[in-house]
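Please go over the structures that come below.
Note that chain A is present in both complexes that follow, paired respectively with chain B and with chain C.
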Partner chain A sequence: MLGWMGGLVRGLSQRTLLCYGLVFFAFVYAPMVIVFVYSFNSNPVNMMAWQEFTFDWYRSIFGLSNKLTEQALYVESTDQLKAAVKNSLIVACTTTTISTVIGTMTALAMARFRFRFKTFYRVLVFMPMIIPDIVLGLALLIYFVTLGGELGLITIIIGHCTFLGSYVFIVVSARLAGMDQTFEEASADLGANRFVTFRRVTLPLITPGVVGGALLAFIISMDDLVITYFIAGVDSTTLPVFIYGMLRRGIKPEINAIASLMILFSLVVASSGLYFRSRAAR
Partner chain B sequence: MNESSLVVIADATKRFAAPEGGVITALDAISFNVNDKEFVTLLGPSGCGKTTLLRAISGFEDLDSGTIVIDNQLMTHVPPHRRPVNTVFQNYALFPHLSVGDNIGYGLDVTGCAKPERNQRVDEVLELVGLVGFERRRPKQLSGGQQQRVALARAIINRPKLLLLDEPLSALDRKLRQAMQLELKNIQHELGIAFVFVTHDQEEALTMSDRIVVLDRGGIQQIGTPTTIYDSPVSIFVAQFVGEGNLFSGTFTRDGDVGTLRTDSGINIVIHDLLPGINNGDKAAVLIRPEDFELLDSPNETKSGAAVLEVRIAQTVFVGTDFQIVGSTTTGETLKATIRDPSRTLASRLGEGDVVRFTYRPHAPRLLPMSENANDPSPDDA
Partner chain C sequence: MIPRLTTLDRKRWRLVGLLSPITLFLGVFFLAPLSIMLVYAFLEPGLYGGVEWNYYHHNFGRILGWADGEFEEFDLVYLQIFARSFRLALTTVLGALLICFPAAFWVSRLDDRWKTLCLFLITLPFFASLVVRLFAWVIILKPSGFINQTLISMGLIERPFDMLYTEGAVILGMIYIFIPFMFLPLYASLEKLDRSLIEASSDLGASRLKTFLRVTLPLSLPGIIGGSIIVFIPSLGNFIVPDLLGGAKVLMIGNLVEQQFLQARNWPFGSALAMMIMVAVLIFLLIYVSVVTRSETMSEGREF
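Right after this comes the complex of A and B.
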């Protein structure tokens, strides 16, 4: 009797847990699923009313639309979208490279060397992450204008690097903290100088952290809106700024198609990162 | 400088700032030599400075003052990777991302050794440590004993004049440890290089070393061969740390060529080997090793030149050929004795609570000065 009751309670609690899990994931992913589904909805006026299946919005954003309706003209020019994507990729690739190198070097210095005011420097490195984006964006804008620089891709890259280095620093630092320093001592003991030790021992051992930090930096750079909005020039619009511009003139079905493609892209990047990490862990 | 010495350490001193303020002297004017092909053990409790000393030799710690000379070269500003020494680390520090073969070949790879020679030498040391066929494995896929061998192989492939070993056997179980002790000794003999071996295990030190350096609180307590250290410790610390022993403290009186220590409990122990620094009326201690005791058979038997101790037995342990007996004297001291029993007749005579009479070899008692920090010369912890 008691055993039966216990089984019932266990079954009930398991089912409750399952329900909770489902509700949780539904809450997180339902909006994205809806965006994805309605990106195939042919209803041009009311996105929420399903009409029929279509690839029109994808055709439209790629400039392949054959029926030039008023709605299709909404993406004024596919070239603008393409330019925005290209800008975003240029910015993300450049900033990822620069901030990964800077962040990794900073993490190594903090972990391996003893010097004065270390805690102070550590706080300085963290700061850009804590400062609200809007403040950082405004500060950068004022700074660039004061210096008399022209706003463009260069200013966006500099702006992104100021805070992306911090993210890389954190991820690489975590990896370094878990790494036994005697590996480096063993390398030195066997006759390797600092550089050889870094290349043959330290770098291979922290690679998962470096790659993780780089992916994080890439994703953050790709979808940063607030800071980029302040420091982007007229012809250096990135994808998030471009989408934001579209939204200000009303939510149109093409947005769904663009968003779906972005989700897909993020998925590819994230899963390639996970794949790499699981290989490195082996 | 001694020409034949491979390593000359002179006045090595190192201080650390203690986290709670103040200064810890890790090395206090340490001086000693290591000769060619010699096996020297640095022995001491944790925190005695032995690891700091090893790291100073390998170059990972800078000395505050003093010098280290290896192979007639002053090492003061020489970084670790330029020193003619290699180390077997306590946790082995095998590179997890490299195979066993690449771990072992690392020392040759970073110095630009040609591939054919490199591979040949890797094969040689693999054979020497008995790991042929394991070169493609990862360190994780090896047992502790095998990892230990890889660490050893990696450290000797550069053919150093001096190999440093930082408690390399401490992670192994007892049986494996004893096997590795012999094997290390053999490998050292085969290679013909000097070993500096750090351990806190006195048994290990006695088994393996040509000479032992006993360290305590950053200073050298005694340097000598294992037999010297065991038979003639110079201080209460060494007597307690190396081997087991019974210590009696008392007052010394001298009478010509012999002396007598009257213990605080009133036993008179005759001393044949006098110490120059201990005079009439001084407080001193005396050491008698457990195996120096003899069991007296009849109640009236005595032995000339040695005191008789009446002991109530608290515990007896039979270990192969010996009986280890723990008891207390009628005057209250704890006493440990090891009695050989080839005829297997003792067991019936040694019951718990029985009173037996012990004496010792007349020349066994070893006089020791009272040190200022040894206010409790209890024989409990060896």
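Right after this comes the complex of A and C.
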């Protein structure tokens, strides 16, 4: 009798948990789905009242002909939008390269050497990730202005590299921690010099970690708002800062379409990255 | 003749070579800016933006409500904003914890294949643009937004609710963007949790509630604390969420700092405020580190 009741209770709670899990995932994904669905809504006055299906918002983003009136659009947006996307890509590609090199070198040093200031370095590398981004962004703003530098793409790139190196460091370190050092020793025993060993043994082994770290850096750089917001000059707006500015001025339906494209882009990059990593782990 | 380097020397030079990029970079573009900000917090604001290079502690006095005696009166407005930020950040942590704990518990009990899929689905939104995810909540909550439109078209309400630009909207937005930060640490500790302990507890006659309170909860404490800290830190200094979802009504410290820098152009005062955020964050981190090291030494002690 008791066992039967216990089984019932367990079954019930199992089902409650399942329902809760589904609600949880709905909560996580519904807002993005809503943005996506309403990006096809033709109503220019009230963007959340469904009228009929249209591709016009997407057409207007890409500068194609559409049936929209001027008032419904952020008139100046297409050129500025293109410039912002271009800036974002330039910044993300440059920072990814720099921070991947720096982060990987640091990870190699920390994993393969023993030295006195190791704890200091560990704290130093973690600091940029832990510090609130508003503090780092403003500290950099004061610094660049005090030094008399001009704000622009270069300052954004520097700002991103200060914290992205740490992210790469963590991902590569995780890979190095699970790696067998005997391969490197064997290579050295067989007469390979340091460079050849690194090129032919170490590098191929850590490649999944390096690629994973680089992808993470790329995505975070593409998406960074707070730090970029403070240290971007007038002519060097990136995509997130541009969108943020649009939102502050008022919301128009066009933004639904831009937002949907951004979601799709980051989801494709992220899922290919995660897929690549899960395959590499096997 | 060049002296031959010993292996030890060569090794040391390799280490120096590997570490010098990060040392240089973080020294010049991280430690130096933060030090300058600290200096700025103790400088006198100039009349028209800019700074006067003399020592000035009224920036901190102003935060605490003590005026400089000449131009300002006693005013607790900044402390009130600090208090609100702490309250909102703590509510966010609590809300995220309550929402994520059952979900993390559920995922940790699934088959491996479903587990991987769920973890993937949790991680994915983290990569979608933050502004876009907040924008989604703006169009859901605003007076002519998704919720109000739906309710009105169903005939349930006649006039739209005011949901946007409230404290609730800010908390909801912060919980939403920080869900992965809370979920993953919780999951990590629940996943490690030994199931046989729970079975043992119920075999010994403990009720489900008692088992949860005495076994599951204490054992998942490291994940709870870790997730709470990781959510608390970015919530406290946040200014994007209160700006987009709270409007002018729900100011947090982050908004105050941003205003001081970009509108009032009082950089010393802004720096002082930013330093206060830093101090608060560091205190919470130290608490976290001490708790984690203690629980690690405790579990080691149990094993041996």
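Things worth noting here:
The rule is simple: the second predicted complex is superposed on the first by the 250 of 282 C-alpha atoms of A that agree within 3 Å, B and C clash if a C-alpha of one lies under 4 Å from a C-alpha of the other, contacts with A are read in each partner's own complex, and residues count from 1 in each chain.
Operating definition for what follows: a contact is a pair of C-beta atoms (placed from the backbone, for glycine too) under 8 Å apart; a residue touches a chain by one contact, two chains touch by 3 or more.
The model shown is predicted, which means the values in this text are computed figures rather than measured ones.
Considered on the superposed chain A, chain B and chain C are sterically compatible, since they fit side by side.
Ranking chain B and chain C by residues of chain A touched puts C first. In the superposed pair of complexes, A:81 makes contact with neither chain B nor chain C. With both structures placed on the common chain, the touch criterion links A:138 to chain C but leaves chain B unconnected.
Taking the C-alpha centre of chain A as the vertex, the lines to the centres of chain B and chain C open to an angle of 90 degrees, rounded to the nearest 10. Of the two partner chains placed by the overlay, neither chain B nor chain C lies in contact with A:231.
By the touch criterion defined above, A:217 reaches neither chain B nor chain C.
Of the two partner chains placed by superposition, only chain B is touched by A:192; chain C is not.
When the two structures are aligned on the shared chain, A:200 is found in touch with chain B, with no touch to chain C. Here's the short version: in the overlay, chain B gets within 6 Å of chain C at its closest Cα pair.
The contact surfaces that chain B and chain C form on chain A in the two complexes do not overlap at any residue. Contact residues on chain A toward chain C in their complex (touch as defined above): 9, 13, 17-18, 20-21, 24-25, 27-29, 31-32, 34-35, 38, 46-49, 101-103, 105-106, 108-109, 113, 115, 121, 124-125, 127-128, 130-136, 138-143, 146, 158-159, 161-162, 165, 194, 219, 222-223, 225-226, 230, 240, 243-244, 247-248, 251, 255-256, 259, 262-263, 266-267, 269-271, 274, 278. In the complex of the two chains, the chain C residues touching chain A come out as 11, 14-15, 18-19, 21-22, 25-26, 29-30, 32-34, 36-37, 40, 99-100, 102-103, 105-107, 109, 116, 118, 120-125, 127-133, 135-140, 142, 144-146, 149, 176, 179, 208, 233-234, 236-240, 243-244, 254, 257-258, 261-262, 267, 270-271, 274, 277-278, 281, 285. Residues of chain B touching chain A in their complex: 58-60, 79-82, 85-87, 89, 91, 93-97, 106-107, 109-111, 154-155, 158.
Here chain A touches chain B in the complex through residues 180, 182-183, 185-193, 196, 200-201, 204-205, going by the rule given at the top.
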